[in-house]
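Notes for the one structure printed next.
In this document, chain identifiers A, B, C and D correspond to the written order of the chains, with residue numbering beginning at 1 in each.
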Amino acid sequence: MAMTDTDTATPQMEISDEVAIEIRNMNKWYGTFHVLRDIDLTVHRGERIVICGPSGSGKSTLIRCINALEEHQRGSIVVDGTPLSSDLKNIDKIRSEVGMCFQHFNLFPHLTILENCTLAPIWVRKIPKREAEKTAMYFLEKVKIPDQANKYPGQLSGGQQQRVAIARSLCMRPRIMLFDEPTSALDPEMIKEVLDTMIQLAEEGMTMLCVTHEMGFARQVANRVIFMDDGQIVEQNEPEAFFKSPRNERTRLFLSQILGH
Amino acid sequence: MSDTHAESVAFVRESVIPPAPPPAKEAGAIRWMRENLFATWFNAILTLVALYLIWVLLSGVVPWIVNGTWQGSSLAECREILQGNGGGCFAVLRERWPQLLFGFQYPDYLRWRPVLAFFLLFVAVPPALFVMFLPRWTLIVTAIYPFLAYWLIWGGTILTPLFAALGVVAGYLAFSFTERRGFVLGLAAGVVTALAVWWIGGLLAGEFSRFLRLEAVVSRAMGGFMLNLVLGIVCVSLSLPIGILLALGRQSSLPVVKGFCVVFIEFVRGVPLITLLFVANVVLAFFLPPDANFDLILRVIIMITLFASAYIAEVIRGGLAALPKGQYEAADSLGLDYAQAMRLIILPQALKISIPGIVNVAVGLFKDTTLVSVISMFDLVGMIRGPILASTAWAGIYWELWAAACLMFFVVCYGISQYSQWLERQLQTDHR
Amino acid sequence: MTTLSDPPHADGFRLSLLVRDKRYRSYTFQAIALIALFVFFGWLASNAIRNPVLQQAGIDFGFLADPAGYDINQQPIPYTSQSSHLRASFIGAINTLIVAFLACVTATVFGVFAGVLRLSNNWIVGKLMALYVEMFRNIPVLIWILIIFTISANVLPQPSAFRGDDPEASPILGVAALTNRGFYLPRPYFTNGIGAVPDDVPADGGAPVAQEVASIANWLIVLAVFAASFLAVRGVNAWATKRQNATGRRPSTFWTNLGLWFVPIILTLLILGLRWEVPELRGFNFQGGILARNSLIALWFALSIYTGAFIAENVRAGILAISRGQTEAAAALGLRPGRVMSLVVLPQALRIIIPPLISQYLNITKNTSLAIAVGYMDLTGTLGGITLNQTGRALECVLLLMAFYLVFSLVISAVMNAYNASVALKER
Amino acid sequence: MKKSVLLGTVAAAGFAAAGASAATLDDVQDRGSLNCGVNTGVPGFAAPDANGEWQGFDVAICRAVAAAVLGDPNAVNFISTTGKTRFTALASGEVDLLARNTTWTFSRDTDLKFDFVAINYYDGQGFIVPTALGVSSAEELDGATICIQTGTTTELNLADYFRVNNMSYEPVPIENEAEARTQFLAGACDVYTTDRSALASVRVTYPSPDDYKLLPEVISKEPLGPLVRHGDSEWGDIVRWTYFALVAAEQYGVTQDNVAEMATEAGDNPEVNRLLGTEGELGAMIGLESSWAENAIAAVGNYGEIFSRNIGEESAVGLERGLNALYTEGGLQYAPPFR
């Protein structure tokens, strides 16, 4: 499953000291089920973090909390200096800073690709339509599907759709990107095109939080890999160290299962 | 399989076998009949029974139509012309046609107005249904239509519908200018502006009531099939927005809003329409201001609209539920607020899914407009049951009248449902 | 950079938070909604309070205890014009349920029949059923009710046509007379049962109350025998299944079942002394027997064929929804077509068919209120019709009327939801 | 809390608006037209003619009141009401006056809170049967099937009559005149019962009127008259005295033709003078112009003229005056003195 190594050299890791996301002591429950337990995480600007772990470990919930798609019940999340509270103004601010890509792309099937990309800039950022379209075309070119701009999502392949979803997020000019298992709904031959796009994005210095099982991707671009289990961060380390010598038993077990065949 | 040596064990076909005609038994009418009519002995019996039924039906209906007469001005005269040849007495339709269509009170020299309004309907509706095929500006026609139709059917000065339309336009403009500062604010501004324009317009229309004036017709004078159509169209169009609001309310996380919507919807769906018409007829008047002139038609429109909106709300709720949760999340993550997400993302898709259901409700509602005859309004059924069957000339005639009523409803309802199925297929094929 | 986002109170409460903060926002909107509701209902109430007549007459349900003063022509429970309005309403409610029940049964029969036949591979039958469905679905039920009512009043012979030495009309088989006032059918009664009714029934057809009750007891006996037969047949089938499981062969139960169904009931009826009271023409009308008035017939038949068309569509959709794959899979396992239907397709199709079927039953019940168009004395005809007219207590009558239908609908919906829940559980 | 305060405000606003409910007379004058509730169509009493103009005995009362109050007999909106809707229409203010052969009964007057202002037609309930039935008296109707309009006093009278006479019958409830006709003519009922005036008026519209006959029995008192809402006595007075003006006019020989002439100057009869406003200020006492009665009479004629034009023996309906003759001619129609 691991991605084949590409020729591109490992990108430079320019991590500033500036903090992009600061999570302190965050807890979340679904009813009585304790999904996230005492999460502490600091993400610096320019950092690329891959989160992995068995299903149900809370990794998706974690990044959905950052985007306020889920509400956390205890602890604090500060994104780019803005505390995530129940104040809608703050939520709006954070959401416009943070882009998100979903497992099932979640493109709007009744809008064309171009409309998908310009909708939020026009209505949320209040950017004139013409300018929004220009930006959209720029990003569609970056994800290499400018010629599909006037098609509908249903007419595109899964990989193309996910790339559009990335472009759609980028059109909002986010400073942070969250990826929620972006490749797990894709056929194998389409995974590469999406990962290439993500690598390209990483090379440009985007701060990224990525829930994925693509360990090749993690090795290549991540500067930190986080392993979660049972709602807790069990282990985090630089990719080399993480894969070579996992310290925790659970991590080892997980890695042997995912890489071992 | 790139090896193509003819003598190798592997086989590669190099010529195509031409298609041959099937054995005679397997083709043509005989095969069709054997497969479709006489496959088993049970099937054969069924076929014979069905053929007999069709024969009975046709032998009754065909002479009735063929021998029927369109002459005569009363049943007695008609019977004389027919001389017992089993034909129908369609003269009643010829003579009472205007009454069946317009009731007996709509002034006959003004009938061209509702007729014109009816035909304009065919111009006004397509843009709304073919948003994806026609240029967007054609929607203006649809938007103008209700006001024009009101003016044509009810008459009065053109200022009334004009200002009603102006109010809507002004409200919309105010809304779109202030919307950037928040949806709620925009909505409030829109409503206030619209109300202001309507108030001023009301004063002006009262003052210049002779300006471009069509002769006014009171709604009491509406009748016949026109009443069914007016009630059906008005109530369905009014109930759509209310139904959408109710459906959104029922999905809402606010207990008060949700509770009200659930209670309203379940209440309305739990009682028969006729009891609601009784309310319109004998109860509602107590709860409306006595000086405002809410006549029976208006009260009936209110109640039927409420009735229809509960059903439409349920249909739309189904559409909303059918949308994947990801659509809501994507809208959220892009930073769209609730109003924007609903308007731009959720409702367009939910409504598209709901179209067949909405059409079903609309057809059902249109059929149910005949119930107003029970509260002594003279719609098509009311006209037949009342004035026509009670008249000295035509008492005792029923097959022809009821057949005509059936035909009129069938054409409209069947037409709508076929059309909606066609539309559904169109909507399915595009985009995918 | 360790600001705790938790307490929004930290920098004080500002009014703008009412709209901006998620936690207060919902309260704000709900308060607005509540106020709007209060204003609206307050406006309605104030209009009603202002009404001079309503002000003086008030809202008072006391009229329900007053004598109704009018007669009802279909009385499932004893009633005279001196009984109260409440009793008249009860009669109406029972009459509603009677016609609703009858229509549900026949509509189901029509619907299943037409739905299955429409799927038949017989072209002409399929088309005929399609015609039936489309024709009845697209024409208002009120028109069907009125057509059947008008035609039965005008086409069928008057009772007087049966009179004389050479009558124009004669009863079918000498026992059932179809007149333009209704269908006079033979009435079964018992000569040996509890509280036997004498052979010669009083001329006015009205048996004393005690005997009416007694004959109900007889019918209960008959029902009990039926139930026993049913249980016995189930027992035999269970035994057969057990044998099949044990030995692999299913013993033939056809004749046993047939016997279990018919022998006990025939014996019971013989012992109780079943007789038929045949309607006879005396005075203005036929006397004796059961009279199904043409208002009942029109309502019953029209609702059945109309709703039958909808049920046919539900049945067809249910069967079609059980994909071809299921049938093919079952056939591939070597099941005979009959068994495929009964073991694979029907159990699954029923699950799909039953919920819409129940909502069709609800529709039938609500549509029985159209009885008022033909003068059938259901609840809408008594409480919502004559009582309302006679007492002028419109508000009270309409409220009670709605309450009845609402309670009925809610009960049925609750049952349906319970059913859906149980089916959903089984699917896991 | 916040909510209760708001609720109070809302309720207060409602009551403030409720404070002054305008009198009916003011309403009518502001509107410039009278809303009059009539039948859905009983020939002779209230029915639209071929041109859609309402004509009839009850209609004349509406026109007379409109003429008296507004000076224009055509300033009337006729609102047809059924047995079911008539009382709500009046109670809710949809109509100002109900002139729809409604029987004056105790409970309608007291419990339903209406005021019957006068009796414009003394009627009684009767039966119509096909001659072929061979029935000559209502007492032979035991076991008959009877068509009856629901929601009227006739329904109650019928139940009482058969109960008292120890007979049984089979009621066939019907909604309106049209349906009664269909059912009765088709033979779905043996007998049709309603007010005798209505029976007479519908009989002439049957295909062969001679095949049907009215039975001699009159089984009830049906004093029919116009009614208004309880509690607005001024408006009730106007309707009542407009009606009495029509009766008095017949008594004193004031007709549609000679009323204009008689009103120009005072004549010999002081009561006529007061009636027509040439003497005294009767009109002002009920808040109308002095020519109110003159207008009413000029619009529709006196009581006798209205009767004979719409339902009298010369008309198609062909009813005798009978009880509805003036008291001077042995009838019950009697106008209190105008002074």
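By definition in this document, contacts are C-beta pairs under 8 Å (C-beta built on N, C-alpha and C of every residue); 3 or more make two chains touch, one makes a residue touch a chain.
Everything quoted here is computed from the prediction, not taken from an experiment.
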(request) If you tally contacting C-beta pairs, which comes out ahead, B-C or A-B? Let me know. (result) B-C
(request) Give me the ID of the chain with the smallest distance between its Cα centroid and the all-protein Cα centroid. (result) B
(request) Round to the nearest whole Å and give the separation of the Cα centres of subunit A and subunit B. (result) 47
(message) Using Cα averages as centroids, what's the distance between subunit B and subunit C in whole Å?
(response) 28
(message) Just the number, please: Cα centre separation of subunit A and subunit D in whole Å.
(response) 82
(request) Go ahead and note the Å separation of the Cα centroids belonging to subunit B and subunit D. (result) 41
(request) For subunit C, write out the residues touching at least two other chains, lowest number first. (result) 34, 45, 50-51, 54, 150, 154, 372-373, 388, 394
(request) Could you check subunit B for residues that touch two or more other chains and list them? (result) 282-283, 286, 288, 290, 374, 385, 396
(request) Check each residue of subunit D and list the ones that touch at least two other chains. (result) 21, 84, 88, 91-93, 175, 182, 186
(request) Sort out which chains touch which and give me every pair. (result) A-B, A-C, B-C, B-D, C-D
(message) For a test of understanding, state which residues of subunit C touch subunit D in their complex under the given definition.
(response) 31, 34-35, 38-39, 42-43, 45-46, 49-54, 56-57, 69-73, 80-82, 150, 153-154, 158, 160, 180-181, 204, 282-285, 287, 294, 372-373, 375, 377, 381, 385-386, 388-392, 394
(message) Using the touch definition from the top, list the residues of subunit A that touch subunit B in their complex.
(response) 67-69, 88, 92, 95-96, 98-100, 102, 104-110, 119-120, 123-124, 126, 152, 154-155, 168-169, 172
(request) Could you please specify the touching residues of subunit C with respect to subunit B in the complex? (result) 19, 26, 29-30, 33-34, 37, 44-45, 47-48, 50-51, 54, 117, 120-125, 128, 134-135, 137-143, 146-147, 150-151, 154, 366-367, 369-370, 372-373, 380, 384, 388, 394-395, 398, 401-402, 405-406, 408-410, 413
(message) Taking the touch rule as given, give the residues of subunit D at its contact with subunit B in the complex, in rising order.
(response) 21-22, 27, 40-41, 48, 52, 77, 79-80, 82, 84-85, 88-89, 91-94, 175-179, 181-182, 185-186, 205-207
(message) List the residues on subunit B that touch subunit D in their complex, please.
(response) 76, 104-105, 107, 218, 220, 281-283, 285-286, 288, 290-291, 295, 374-376, 385-387, 389-390, 392, 395-396
